[in-house]
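Here chain A shows up in two complexes: once beside chain B, once beside chain C.
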Partner chain A sequence: MAEDKGRILELIKRVLFTDFVKGLTVTLGYNVSKSITHKYPDEEKWVPYRRFRGVHTLNRTETGKELCVACELCSKACPTQCITVIPMEDDTGRGIADRVAKVWKVDLVRCLYCGYCEDACPTRAVRLSREYELACTDLSCTVRQREDLLKPVQVPESFEGGVIAKSEFLRSKRGIKVKVDLSNTRKRPL
Partner chain B sequence: MPDTSTILEFILIIVKAWVIAMVLFGLPLPLTWLERKIAGHIQVRLGPWRVGPHGLLQPFADMIKLLMKEDIVPYKADKLLFVIAPLLAMVPAFAVFAAIPFGEKVLIPGLDYELTLYLSDMNVGILYILAMSGLGIYGVILGGWASNSKYSLLGGLRSSAQMISYEIAVSFAVIGVVMLANSLSLVDIVRAQGGNILHWNILYLPVGPVWFFIFMIGSTAEINRVPFDLPEDEGTLAAGFHTEYSGMKFAFFMLAEYIAMVTVSVLAVILFFGGWNAPFSIPLPIPPIFWFMAKVAFFIYLFMWIRFTLPRYRYDQLMNIGWKILLPLSLVNVLATGLMRLYL
Partner chain C sequence: MVTVKINGKEITVEDNTLILDAARHAGYEIPTFCYQADLVGIGSCRMCLVEIEGQRKLQPSCVTPVLHGMAINTETPTVMSARASMLEFLLANHALDCPVCDKGGECELQDMVYKYGPHKGRHAEPKFKFQEKDYALSPVIIKNSNRCVQCLKCVRVCREVVGANVLGALGRGDHQEETSFFRHFLDCDQDGNCIEVCPVGCFMRLPYRYKTRPWDLKGADTICQWCATGCRMVIEERDGVLIRSKAQFGVGLNSETLCARGRFGNDSMTRAERLKTPLVRRFGKLEPASWQEALAVIKDNVPSDGERIGGIASPRLTNEELYLFQKLFRNVFGSANIDSSARWDPDAVEAFIKAASMDAGGVSVFDCMESETVIVIGSQVSDENPVTDYIIRRISAGRRMNLVIASPRAMKLDSSANLKIRHTAGKAGALLESVILSFNSARVAGTGGLEDMASGRLASVTSEAGVDGEAVESLARKLKSSGSVAIMAGTDFLRFPEGIAKLGLLKDLLKSSGKKVSVLPLLDRANQRGAWEMGVHPSLGPAYARAKQKGLGTDEMLEAVSKGALDFLYIAGSDVASMYPDEGVATAALGRARFLVVQDTFMTDTAKFAHVVLPGAAFGEKEGTFTNQEGRAQAIRRLMHPPGKAKPDLDIIRAIGERFDPSFGPKNFVLALDEIRSGNRMYSNVSLAFNNKKNSDNRLDSKEALVQGAGASDLEAKEFAQKPSAESAEYPFRLITGNHLFHSGKGTMRSETLSGLLKAAVVEISEEDAASLGLKNGDRVRVKSKDYAAVVTLRTARGSKNAHAFLAENFEDCPVNRFLRRGEGPPMVSITRA
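And now, the complex of A and B:
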């Protein structure tokens, strides 16, 4: 008897297209919902969380001295040997010690962004930043020198991250760049 | 020497035919955009976005691409049929619109002339439309045959089998409407549904909704749209009957398909939703053509909505639905409608 009732109910459901209507409501709900597509790079850009490991950056103290003491621990720790450090003696006060890096370069093509150099660094000089736009038209930009890495990064380490920031897409002869506006951010939908 | 009113009539018909043809040629452009936009939003994407504001110029970009593409005719294809097939698919799709009314007579202000919003009010209108839209299938079958490719051939065969199974059910569904209106003319069918929403055929209980669902399911199968798009089933047949087509020939097939979708939407509105009649009396002077357009737009949206909701049926399921459910149901419904007409 109960079985019959179930079968009749099933039949009525089929005749009234209940499953079909259910499906249609689901898709209609999505149709009117907001899209999750990021309008990158024209209008917005994803700013990753702090844990993100992007291009290396060399930090300075608050007074502007280089934190790197050219101890070469990062290049020793590197599993792919992509970091080259050549130390030199310097007493002009460029670094926090007399020993500073003459050359500190990283080959981004070989780097696997494991973050071991970060862990090895005794002075927290080398950090992996949140810079991830690495595409370029020739191989010259794949090796980053000390001078480039010492420049301040777009997203400072103090910034929380994990948001979509308004951005500006800049084209120039030297290439393309996406400039983020960290004061104008929104949470990621879904 | 014919008098001036005859000449005027003649010129008017040519102008009307030209306008309808131009609108139909232009219609797939916004429809492709709309379809991709709806697909995008249902899948929580944006759809076309980069070409023009909100991707509005995307159809033009597509059109230019299709025009520029190399027009390939396969080496072992039947050259003549291969070229003719897209035209055979397209011409009936256009010809159908000769009998479709878009509204009643409109009085042109100033000229004091009554303009009819249809090319011709045939006394066998609905029969003509069913016959013409049935001819379109030849393009698909011949295209599939002439390509000399197994995918195309299977697509064409599926298409013909589908047509035979579902055309019957659709015709029976239309018979019900004809029984209600006592006429085959589409203008008369709409007139019979005059008044408010309660006079529409969809609300002729209990048979109206059944007619409507049979008609909708059958015509979805006929215009090869999901969930019955087996002739161009990407999953198993590459692209079905138009696998070997590229460039403008492919565009003609797509054009025919979109126009067929519009035709079915228009027919659904005329046969079941009261054509250009307003659903309830409104004190505002809204022109009847607005109601007609709004209803057709809803059905076009419905077809796209369904496309991105349902998966595709298996081939044997398709045949089962056609022969074992729709056909007996429509026969019973013909009987029921006849009895209701006799004794109610």
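And now, the complex of A and C:
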């Protein structure tokens, strides 16, 4: 008896396309709801939290002196030996001490972004930035030199992060770049 | 012997042992800063405080000797907290700039704080600073006093070991600064021993400044190449560039000391001008070639008649290479014409070997210093073998003994000597004869005519030697009253071989009067002794055995080349053109050579004449053994690969040999050493496993690695006539030659640091002479002989013999061998203001 009742119900559902309508409701629901897809990189970009560990930066004091004293503790602490430091003497006031880095380079392909270098740094010169766009067309850009790392980063440390910022995707002969507008951000919808 | 209890463990040690040594003996580590074996204890750092039961206060263990029945605790909470407190006080004003400091990573203060120290500082006050900026104390020392721990090791090593005495303490208490006299720029020995002993980054080496971190360096434990003292040192490189050389505490006969050459001279090894590829002369020009081509050209040009082939090997090659070199000549080429020096007559060498009993095996310098009387003669030991000078100074200061120095020039070691004799240059033989006559005067006393004859002779030789009779008598008295005598005989005997016979005579005389006599040759090339013992000598084979056939020495070879009697000359590592004591003769001969092969690391003056130049390896790029002047066979180790296509010299000599005899070998240095060991009696016990470490009693096993005696030998001592030198009023100065403190041969001239210390030649005369000429230190003067004149800088020396001028053999701007003439005695020169 009960078996018959179940079979009839099944038949009615099939005739009326109940499952199909149910599925379509979800689909149509999403169709009208707000999108959670990031329009990255053309329109917007995820700016991570401060705790994010991206590409290294070398920092300066407020007066513009290099904080790095080329003590090589970062390269010693590095588990993958991807940091090379060669110190030199320069007492012209380039750095906070007369010992500065002649070479400070990091091989980003070997790096596992553990942040030990940041921890080891006695002057807080090495900090891992929030830059994570490493794609490139040849291997030369995987080794970052001191000169590049000293340049100010797009997302300053003062910026809180954890937001999606308006961005612009720039193509040029020198490569591609995503420019963010940190004044125009929104929370990540979750 | 006393018995003490250390941490409850009973041990028996000798009387007067320091608590520190006793504790270390018992296996307990006590931290120290100011204590260093070999230096006088001052107990200033207070790190070594220990608790002695029954005493209320902690006692410094580095200056407190043990007493019988003492119970000492080194690891109680009180002691531990004392250590931590001492470190806290040291850190109160310490700069704590470890990330910048060059010592970071190998700093004793870092290690101690890590181990014992307070890991939290309580001193919030501003730190006292001596200076804001580091200052250069000398061309090789940079100083940061803010890091000083006031251990005074630098001051003590400078005074007690080096004898330069240029460092002292300015100020008192924690404002005490160890530096030069009011921080003046130092013009001292520049040996950097103060840097080496400094436990913190207070004294730092300037050439090493901010180059690297100690953990980046790859090192090799090797033997210094710049003189025959045989100092053990570690050379270190980073990315293929030699960064520094350092000594190790308690290892080797030198322990933590080195000289300027050893510590700063090895950067020449990684200079860009190194020869990197074989060169073959084509149409009058040397052009790069492959090894195949170069060896083929050599093979084509080797004459079949062995008598037309000659070879000169440098005494800076290793024993294995020298052995193979003489094997190549004697067995493959069938030639007996080989020599190991461009400077010395092989007959003089043979006589010197006999006189110095070098065939009787090695003599340790420490055993020599156990003697009651030590005579240093024929060597400017402070300049030529600086570390031997340190050893003599340190040991002679610590025990009752006579130290006699005989030399025409004043030297640093004079201050340690009981008797210093200034004899005329080249008259060491006359001096020794006068000593012998004076020593023997009692035997002929009362014999009438014989006594008169002897005293007449004594008067004449004394005046010939240019010394006063009192000094001779005093030396003879010292010899008579001592039961053991050591004679340290230098290379001047080889420059003036007429004195060698008297050296032998004195040795035999002292022996026959029942004294224990040891003779230590003082040589100036790292492996000179090894070269002779390997048989690179025209009339002596390995182990000083007489060679079947007597060949030509350098001098005769050059003559034969000029005459066309010798076609093929193979010079390995020797710069004959600039070291042979007559430049004209050497260059004329080399220019006339039908075929000249030069194997070297740099394009030397000799290599410019070559038909084939083979690039060899520097001492840090090959393995082998060096035999120092004592006869200690020590291993040198490889740190790097030779640059470009350059090869270790052993491989080159073997490759040439294989072209003639495919089975020529041995293939590598270990096999070569095995072959030497089995064929050469003196080397039968030599092993690469020696360690030369000081034992727990701070003593070196002085017999370790010494070569054995050769057994019965048939060395001959020829009599040498004195070469005349034309004396005239026009040229009042007698020219002396030798090595400079900063330079040894031509090799050190290629070192950036050493040529920074001194690049241009200097002439040294006595202060009185300078005053009478109206000249002063630093003036430019013209040195003129009948053949050559050069303008150089004047240096004056207090206490040197008058009417003597010293010019070092090393400088390129004043080649001394232009003053010298073959077959003539020391040239006479005049010195005038330029």
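Here, the second predicted complex is superposed on the first by the 159 of 190 C-alpha atoms of A that agree within 3 Å, B and C clash if a C-alpha of one lies under 4 Å from a C-alpha of the other, contacts with A are read in each partner's own complex, and residues count from 1 in each chain.
Quick note on the criterion: a contact is a pair of C-beta atoms (placed from the backbone, for glycine too) under 8 Å apart; a residue touches a chain by one contact, two chains touch by 3 or more.
Please read all numbers here as calculations on a predicted model, not as lab measurements.
**Student:** Mind working out whether A:37 is in touch with chain B, chain C, both or neither, as first, second, both or neither?
**Tutor:** first
**Student:** Which of the two partners, first being chain B and second being chain C, lies in contact with A:142: first, second, both, or neither?
**Tutor:** After superposing on A, A:142 lies clear of both chain B and chain C.
**Student:** For A:76 in the superposed arrangement: first (chain B), second (chain C), both or neither?
**Tutor:** Once the two structures are laid over each other on A, A:76 reaches chain C alone.
**Student:** Should A:123 be classified as contacting the first partner (chain B), the second (chain C), both, or neither?
**Tutor:** Second partner only, chain C.
**Student:** By the touch definition at the top of the document, which applies to A:86: first (chain B), second (chain C), both, or neither?
**Tutor:** A:86 sits against chain C, while chain B stays out of touch.
**Student:** Could you pull out which chain B residues touch chain A in their complex?
**Tutor:** Within the complex, chain B touches chain A at residues 38, 40-46, 49, 213, 305-306, 308-310.
**Student:** Show which residues of chain A lie in contact with chain C when the two form their complex.
**Tutor:** 69-73, 76, 86-89, 91, 97-99, 122-123
**Student:** Show me the residue ranges of chain C that touch chain A in the complex, using the header's touch definition.
**Tutor:** So the residues of chain C touching chain A come out as 97-100, 104, 133-134, 209-213, 215-216.
**Student:** Given the complex with chain B, which residues does chain A contribute to the contact?
**Tutor:** 17, 20, 23-24, 26-28, 30-33, 35-37, 39, 190
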